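Pasting the structures here.
Next come two complexes, and both contain chain A; in the first it sits with chain B, in the second with chain C.
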Partner chain A sequence: MTGLTVSADALTKVFRDADLGDLRAVDGLSLSIRQGELTALVGPDGAGKTTLMRMFAGLMTPDEGSLRVLGIDVARHPQRVQDRISYMPQRFGLYEDLSVQENLDLYADLHGVPISEREDRFARMLEMTDMARFTDRPAGKLSSGMKQKLGLACTLVRSPDLLLLDEPSVGVDPLSRRDLWKIVQQLVDDEGLSVVVSTSYMDEAERCAQVFVMHKGRVLADGPPGSLREKAGGLTFTAETPAGTPARDLQARLIDRPDLVIDAVPQGGNVRFIRQPGADEPRMGDLLDGIETSARPEELEDAFMMLLRQQEDEAPASLAATRPAEVATPSKDGKPVIAVRDLVRKFGDFTAVASTSFDVGRGEIFGLLGPNGAGKTTTFRMLCGLLPATSGHLEVAGRDLRTARAQARARIGYVAQKFALYGNLTVRENLQFFGSAYGLGRRALRDRIAAMIEQFDLDPEAKSGLLPGGYKQRLAMATGLLHQPEILFLDEPTSGIDPLARRAFWRTITALAKGGVTIIITTHFMEEAEYCDRIAIQDAGEMLAIGTPREVRDMAGTAGARDMNSAFIAIVESARAERGRRAAA
Partner chain B sequence: MQAIVLYISQTLALIQKELLALLKDPSSRALLLAPALMQTLLFGYGATYDLTHAPYAVLDQSRGAASREITARIDGTGVFKRVATLQNANQIAARIDSGDALLVIVFPPDFESRLAAPGDAPMQVILDGRNSATAGAAAAQVGSIVAAYNQSLGVESPISIVRRAWFNPNYESRWNLMPAMIASLSMLQTLMLAALSVAREREQGTFDQLLVTPLTPSQILIGKAVPSILIGLVQSTIIFLIILFWFRIPMAGSVWLLYLGLVTFTIAAVGIGLSISAISLTMQQAMLYTFMLIMPLMLLSGLLTPVRNMPQILQIATYVNPLRFGIDTVRRVYLEGATFADVAPNFIPLLCVAAVTLPLAAWLFRHRLS
Partner chain C sequence: MSRSAARARLVALIRKETRQMLRDRSNLFVGLALPVVLILLFGYGLSFDVTDARVAVVMEDSSAATVNAVAGLVGSDYLNPVWTRSMVEAEQMIRAGEADAILRVPADFTRNLAAGGGQLQLILNGVDSGTAQAIEGYANSAISNALLHLSDRQADTAAQSASVSVVQRTWFNEAGDSTWFFVPGLIALVMTLIGAFLTSLLIAREWERGTLESLFVTPARPTEMVLAKLAPYVVIGMIDLVMCLLAAKFLFGVPMRGSLWIIILSSMLYLMVSLALGLVISGLTRNQFAASQMALLASFMPAMMLSGFVFDLRNVPVAIQVVSNLLPATHFMGLIKTLFMAGDYWPQILRANATLALYATVLVLIARRTLAKKLD
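Up next, the complex of A and B:
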């Protein structure tokens, strides 16, 4: 054996599309992946990670170049490779009507696992995934984190020589994500399994022995996390937020100066940032005037952002383009814009949201956080008037949107979780329709569409359905803001878009809040909670914590000191332990 | 006043968006025209009870002048085509069984002599009853040929029936079937179109985006119904023109009345389609419901078999079937030249169906839990 599980040389895959032209998803890529290691493919959306994975698995044939997996030419003998690998695609094909056990049996049958080996293997898988209690439950009734774990268990019903995981943690909450990685780590440690995983989470890549940073079908950089990290060495700092101002104001100030600052994100109440290597000292001094800064150890995320930003420099900066115009400030009367009292929602005998109360003030950014199935989407839909509440009181801009007269809805904007505009209409046609639906007059409509197209740098004649992910999200934002709403509802707006686009997106949000727009947002990127004025953490329908990001971190005790992700895990786990004790008592 | 203008402009925007979304897609554009054209031609040429080249066999045991004369007359009509001349009675069964011949005509050995003598001279016609409509038509045709021969002999039967088929002088089944197509073929499409319209938006998530706008359920209803109705009428028009100018079936009544009937009928059909759409969460569901409904709608419509031949209970059921009244209105206006007063009772059930299904759909938009 050569010690290589995958070796690719000048690999190219081109997708031809009559509307979009040729797309070089993988473009002359060469890499070698070592045996018995955990290897990560990281990169923004559309970097070619999934295409590469599918070629490894023999599900796609390369157009050019050579690819050997486990020493076999995949293009020529895909079946021989497939007999020895396990591949988990982004959406694993679980049979939702079959129980957990039946799914396992089915995949064992499909892979021809001998009956004699099954008992041990199943027991081990169920123990690792902590699902032994749920073997009779239909897969469709599991939360999405649990489904993902079951998907992994089904993938591993036999012992493969190579495990391929394509974005296993997309749409999975921090707790399930942690469990998933525990399982993978255990397999690598105990069985010396070779694993290739694609991910957009840097903390996951940090756990791997080898990391390949991909961009536009090529490898930008590779190496162990330690050596990649060094690229940002000496450039990483933390800036302390002046008292009495939100961290996001400082973050906005820093990120608006791409000539001096590569990246800035709020964390733990302060702002962590990366300096431009050649930043002009006096100007840097002006920018940071009166602000305490301290050096901090560099992380993989810093190096990743640097690499991406360097690529971005060649293209027009996406950030400046999405900076919003100021919105007219509505009068501040001090009354809460959203008032929720004892809100309950039941589906049959399942309580999705249990007695929830909170207020949101004007111009606030309010974040709803929680694991999958915690009830945050249900709460969100009730607020927007898309779902009736079972009981309780609910007021948005002084009304219950569900029963309010239609015009009350003109005061809110809504951005759905997945792209919810008309795909075969152009950008302009979509904006025209929604603008008219919101009752904008001919002139106002023309002006607002022009403003939105400029602000979000959209091509008005492009077909909406064919826009790349980040641009779809911009169009959704443009549609939500077209009628200058007082309140903007955003349901997981940043899932599935790359880190650069996320920075730009949050810059838009913080500017809107500054202009007096109230923002309600759900997210499962815990670090994004730092942009919010206040956050609420829900689990199993119950409100576990509510307050400013700092208050919530303090609530979590020492675990919360580091970052929001750990604070979140600590709060949800202690609440679950408490519930367990109550149930036992 | 301003509120009304706003209501109308919002609704128009939705109608425009619906039409745009439908017509921009080349494949769905083709789907709007091709099936109507193709099915009309198919039905026009393919679906007929009329006799042409009906195969028959002869067993002539009398071998006389009279039997030769009658056989020659049958051959001469152009309706029948002789496929075999049989030698003995044992060959008859095989011909009918195999379907080679629709009918066998038998002249008994004493046919000639009995004809010369006073009294009856029977000849036998054996028909394949498995195809009852065609067999009946063939028997009638043979009957009239024989009657004509009788007349040429100077044999006058005491009563002679002179048939005049009103509205369809030549008994062409195409005349009966084709005008009904104006209603039934376009209904297939409008039902499907309406059934998919909301379900598609629910499936793709765009319906939520629509529900959070200030559009009221009534606006969404109008915005969804009007494009389907328009497309239904375009289809009806295509079929109507083909029937009128290609198949040359003369139109007896008023075009205005025909369209008044079609509009009312299409509104009722769209109401059913939108109700299906509003309860469906996915396009697949909507399609299943529609297919489930189309068969009974067609069977209980009087398209192929008359409603009054059905058992009482099914006849009552046909009152909720818009297709029954759509077809009846179109046939009567087209073929009979019926006036509004003649077909007015048809409008009542159609309007009732629309009055129930349309508000139901509008209510379901917001109340269907997802």
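Up next, the complex of A and C:
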């Protein structure tokens, strides 16, 4: 009895690729994970978390080093390990043509769960996932949050000796995310389950007994959240935003000075930031220029950002890469760029969007938030002219979308959620293709491509499909901005991107908005709502709240005082309770 | 304990595969409706037979003997004589596509016949060589039959019976009916179809949808996954086989001279080969589109073109013969045709079935390896 569920020693996994050269995904990594605890693996994109998880699960064979899972040499006896663990991959493979119950039955059969135990277990799983109503529904017809919960339920049809969860909350809305964690936490408490979870959410890592911070296939730091937090001790502050200016202006000012500030993000109308440990006092004073600051307790996120920035220092700073863009001459009539009145969209007798009205002004950043399946994507597609509205009035860039869809489209840029560019073309070829598709002339095209390549610091000859995630995102943005649109639509642009890339991305967005581009964005990261001028929260097709981040937080009452995540959950839940009461009456 | 656990897993996987198969309507169409379409198409629609071919008859000699000789054409199902006045008119009919052949009875026919050497001229339109050959055969046999009757009646004239030189007899496919030749081959084609179009998608689909990663980290073994994927399609294949056999017997009246159980057993063996080949293609490509393209090119097309289904393999170049002999379809095609038309010929039954069994075993093992529970 070692009390260890996983022990790795000098573990290495190399992916050989003729085009990219060797990639050391896991590089001489050693760690020990204790039994009966929640353990988190955190780290940016490409840190090697998924590869490590797959080695734990016996799906990949290490090139060097030793790995014992549950005391078994997993490289030699993968099946013996697989008989005893449960593993939920990032994209859990539900059989979409099978119903919820059939998926559960299949995994229960495969794991040999005795019939006598099933009834209790299923009932409990269905209750915890709140899916008892949907047992006959095909898994393919569930929302993505529901799918993820069903995936977890299938993984947990029996109590495994070790549970591996690979980024269970990517692309999942705050409510489903909270439900997922409730299930895991309950099983840890009730059954003493050993769990290893990889995540990019620091609030999830805070819940764990042990945290490993990974970077480039190695462990940067490890320990309980408390001891990791201390690394940022004494460096964490909140700066008060001067009245009448958006928090993101102050945030931009701070984050543009990496010599003094490690990290800055808008929160609750103010800006939380981390000072560089050796920051020069007078220059810091100049930067803050009379702005009130107060110390705040350090969080795991702060320590994580510090660790990452220290690594980043060797690499070129990604923030400086993007500069404000010049934009098409804004018309100065002060009219809203987007006007939506009583917008309705029905699919058959299902109402995806119910009577929605709002305006968006020029240069505004407008955030569309909501749980999975709330109608965000439908609204979004109608605004872009990709989907006709069932009824209502919709004006984009001064054009009625019902009558002049093509003209309106020429003035908007669109960045899809998935990478929608041609992977086997180079960066330049992609830009050329999309530029000519937008009808740019030869000369204009050349100038715009040069400008985009410079603005986003892209390598024009690189194969698009082989770019790292953050750069793919930049290329997608560059393509969306080629024809100098007045409005840019971004559909969950930051899902699955690591925190550093997200900061850089938002710096670009705020710069664009300053240049006069109107930004419409959807996101699952509630703290990102703080960058927006105004946000709208949708659920079940209805607009629940609309206003500045501060107004929306106020609407949520005491819950909203903490952060946007709690405000969001409170607003959606109270609206759902209200609907439930109405339905009951 | 562990054996019953394995059985429970296998049952669970088979149930899953069956449900998935039944819920995808296009699967059922390809698996059950398409074979029916093929049976009807090959049984009724496509045929190398010539019926009612128009033969322009030019009578330059109209004695009783010539009328008797040509009368043989009238009674034929396959030929339709059109009486013309002159050779010029007959040639025009050929050019205009109104006639497929000319039968010319020369002016000296009766005289020469009496001398023991009657000659008729048959001119064929060689644009379609297959049709031309068929008409030649029909005309020859129709006329010699008529002349045979003639000589029977005039038994005293020994010289006349000597002039009848061709006695045709076709073995195994006595009627020379191409349905007889197509329908057994159709069994091979339908069995190939299920593998090429259905099982070739199964593993690729699971790779694409990411379901394998979850399935791998369960106690399920690769062998169980392969067997479960084969099981529902074996049932589909059996239904198709029964449909083919019933159609052969009752719809087209194809003789079944070999033992029924050997036909069924050999067909099932070939079905296994075909299904396993589909799975191997699926597991190696890991992409549904690539898999279906591969299956079409590597399995279905060769089974149609190179197995002896349409073209006689003895007439193709050696290189293609070598390729054909590598195809399991060729071995089965030869066997099933012999079984239907000629009967049980044990050396061929044993050799072909041994070859098919070897293919099936190797392919199932390869399919199992493609599900080896590794992502790297």
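Observations, loosely collected:
Going forward, the second predicted complex is superposed on the first by the 571 of 585 C-alpha atoms of A that agree within 3 Å, B and C clash if a C-alpha of one lies under 4 Å from a C-alpha of the other, contacts with A are read in each partner's own complex, and residues count from 1 in each chain.
Here is the rule we go by: a residue touches a chain if its C-beta (ideal position, glycine included) is under 8 Å from a C-beta of that chain, and two chains touch if they have at least 3 such contacts.
The structure presented is a predicted model; accordingly, all values stated were derived computationally and were not measured.
By the touch criterion stated above, A:Leu106 is placed in contact with chain C alone, chain B being left untouched. Once the two complexes are overlaid on the shared chain, A:Arg54 sits against chain C while remaining clear of chain B.
When both complexes are overlaid on chain A, the residue A:Ala437 reaches chain B alone and has no touch with chain C. Within the superposed three-chain model, A:Leu421 lies in touch with chain B and out of touch with chain C [touch as defined at top]. Contact with neither chain B nor chain C is seen for A:Arg341 once the two complexes are overlaid on the shared chain.
After overlaying the two complexes on the shared chain, residue contacts for A:Arg91 are found with chain C alone; chain B is out of touch.
Of the two partner chains placed by superposition, A:Arg76 touches none, neither chain B nor chain C. Shared contact residues of chain A with chain B and chain C: none.
Looking at the complex, you find that chain B touches chain A at residues 6, 9-10, 12-14, 16-17, 20-21, 24-25, 204-206, 208-216, 366, 369-370.
Residues of chain A that touch chain C in their complex: 13, 15, 54, 57-61, 78-79, 82-83, 85-89, 91-98, 102, 105-107, 109-112, 151, 154-155, 164. Chain C meets chain A in the complex at residues 5, 8-9, 11-13, 15-16, 19-20, 23-24, 206, 209-221, 373-376.
Looking at the complex, you find that chain A touches chain B at residues 384-387, 401-402, 406-410, 412, 414, 416-425, 429, 432-434, 436-439, 479, 489.
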